[in-house]
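Structures follow.
Next, two complexes with chain A in common: one pairs it with chain B, the other with chain C.
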Partner chain A sequence: MAAIYSLFIVNKSGGLIFYKEYGSAGRMDTNDSLRVASLWHSMHAISQQLSPTLGCTGIELLEADTFDLHCFQSLTGTKFFVVCEPGTQQMEGLLKHIYELYTDYVLKNPFYEMEMPIRCELLISTCRRPYRRIVLRCWGDECTLNFVFCSFFPPVH
Partner chain B sequence: MQFFGGSEISPSLPASTAAGNNAHMIYVFNRNGVCLLYREWNRPVRTLNAQQDHKLMFGLLFSLKSLTTKMDPTSLEKRNLGVPQLPGQGCSFHSFHTNTYKLSFMETPSGIKIILVTHPRTGDLRDPLKYIYNLYVEYVVKNPLYTPGTPIRFELFNTALDQYVRSLS
Partner chain C sequence: MIGVGKIKQYSNVLDKPLSKGKQEVSLSAFAFLFSELVQYNQTQVDNIAELERRLEDAGYAVGARVLELLCHRDKGNRRETRLLGILSFVHSTVWKVLFGKVADSLEKGTEHEDEYMISEKELLVNRFISIPKDMGTFNCGAFVAGIVRGVLDSAGFPAVVTAHFVPMEGQQRPRTTILIKFAEEVLRREARLG
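Now for the complex of A and B:
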């Protein structure tokens, strides 16, 4: 079964606004996750500078020895990236669905302040069918549906 | 290809189907970050001067390596981000894609880094990179006129490299 290890959402200035782990071996602490997120933000920008041709929008897939990192950048510069097992398929679709959830549940929340950590408590069970299907395909069982957006983001400070 | 009865370059050439020039450029760095070789075949956009470009590339690889080591979801021990590592230590990476290019990366135990930048839809280049490393060993390391750590300026190596890279699909 393909597994997803973690999900990050980074705002347009490189700050981590959402982070959730789904079973990595050693847990990263809050400071490390913030550092990793902003490091990724910079690497993404540098990869655009090094492009041999015009129109580069940054790293979309990083293939490491033990994981794959898929990254999706929205038009406004918010980056969504998942760390998953090597060779996992359909991650672009998953990232787009996460982006939809973000626009629906976070951006349309009147109490959400832009670029701030996401603390909206959301019920994933209300989300639409296609997403449920994708999650089921990726994680394999129903209980993991609770994972994506339905917990608080841990306080940064 | 065998010179002094040493190692053969490779048992067989890695699969290189259909001719086509997909490669944009190649970088070879040693473990100190000195750019030993830079060759480009197709690079319309250049934003920086050569030296800055090499520095930026080495920095990108170095940081990506520390990022992947830190992120490695299978290892229990978590070192601090950015701790210096020996070649082969920690979780590394072998390629990344953007919408305009694919970068394939290989690091040898001696710390030589070979970077090949190609078209984004190129397949897995791990074997071709090993072959390029073999070319480096045969044509550069075994050359008695070569001083380690200096830029590579050997016609024969460049020709062999060009020829091989052009054959990659």
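Now for the complex of A and C:
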């Protein structure tokens, strides 16, 4: 069994514009989620500069002991990333799917202001469904959340 | 050459049937264009009622043209003169040309004699639109209401047409109802015709 813990959408200047949790345990408060988003944004930018390969577009996958972080960056610099259980498959497809939903329900909505937090009901409600479906299809059941975000920042000894 | 001989030759250009036109338009292109239309109008107004009115006016122009075109293309330059005739014309013919399907339902208002409703589970113009909470009951279907008003008005059935969200049980999204309230003279004429 595998599950998705949370989904982030970050605008091109590193601000968190959409955040959603899937599950009950290991919740993050608003400040933490904003911090994670801007931290990831900076790490992503640094990784582009440090990468030995030419034309690197930044980190796509971060594997940790307790979670995987898959990231997709659109051509305009908006980043989509999901935090999921280690070893979860098909996350690239899921991120592309979310990107598609974003272009439909956010960018085609006349009341959305670019780079601002997403409050589009339609995206929020459709986001809820596809996930469940994808998770169910792949693993038969959704597992409970057991995700401790602190492991992102290992304690210093 | 392939296809030669299949095309009927018309000596007179006026005898040629009017082309059906391209039946399909990119939904994305339309959605972006409509979104821009709403955004532009939003910059021109101070309140929501005004925005609704402007969208309706934009639709009115479309409706007037659609009636002209469809009467010429489908009905041999005749138009409906009876109330139910024109309503079903809007509900089926107009809807099919504009949205590729007939409207979900056409009903008569229960409370008032002069009210009719066209309901649509998911109106094409509202497909990708989420209304912010602070805009209250605003509905971008005002544009479609304008189209309906344009068709009815040009056909000689002046009416007040408005778009409303109606919540549906067991459905996340409300459906859109286009409410048509005919002018008194229309009903009087209808009664006279029997």
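Some observations on this one:
Basically, the second predicted complex is superposed on the first by the 123 of 157 C-alpha atoms of A that agree within 3 Å, B and C clash if a C-alpha of one lies under 4 Å from a C-alpha of the other, contacts with A are read in each partner's own complex, and residues count from 1 in each chain.
Definition applied: a contact is a pair of C-beta atoms (placed from the backbone, for glycine too) under 8 Å apart; a residue touches a chain by one contact, two chains touch by 3 or more.
Here the structure is a predicted model, which means the values were calculated and not measured.
When both complexes are overlaid on chain A, chain B and chain C end up sitting side by side without clashing.
When the two complexes are overlaid on their common chain A, residue A:Pro110 makes contact with chain C while staying clear of chain B. In the superposition on chain A, A:Leu50 makes contact with chain B only, not with chain C. In the superposed model, A:Arg119 makes contact with chain C only, not with chain B. When both complexes are overlaid on chain A, the residue A:Phe67 reaches chain B alone and has no touch with chain C. Contacts of A:Tyr5 after superposition: chain B is touched, whereas chain C is not reached. Touch counts on chain A: comparing chain C and chain B, the chain ahead is B.
With chain A used as the common frame, the shortest Cα distance separating chain B from chain C works out to 30 Å. Note for the complex: chain C touches chain A at residues 28, 31-32, 34-39, 42, 128-132, 135, 140, 172-173.
For chain A in complex with chain C, the touching residues are 104-105, 108-111, 119-123, 125. Interface residues of chain A facing chain B in the complex, by the touch rule stated above, are 5-6, 23-26, 28, 32, 35-36, 39-40, 42-43, 46-67, 69, 83.
In the complex of the two chains, the chain B residues touching chain A come out as 24-25, 40, 42-45, 47-48, 53, 56-57, 59-60, 63-64, 66-68, 70-78, 81, 91-101, 103, 117.
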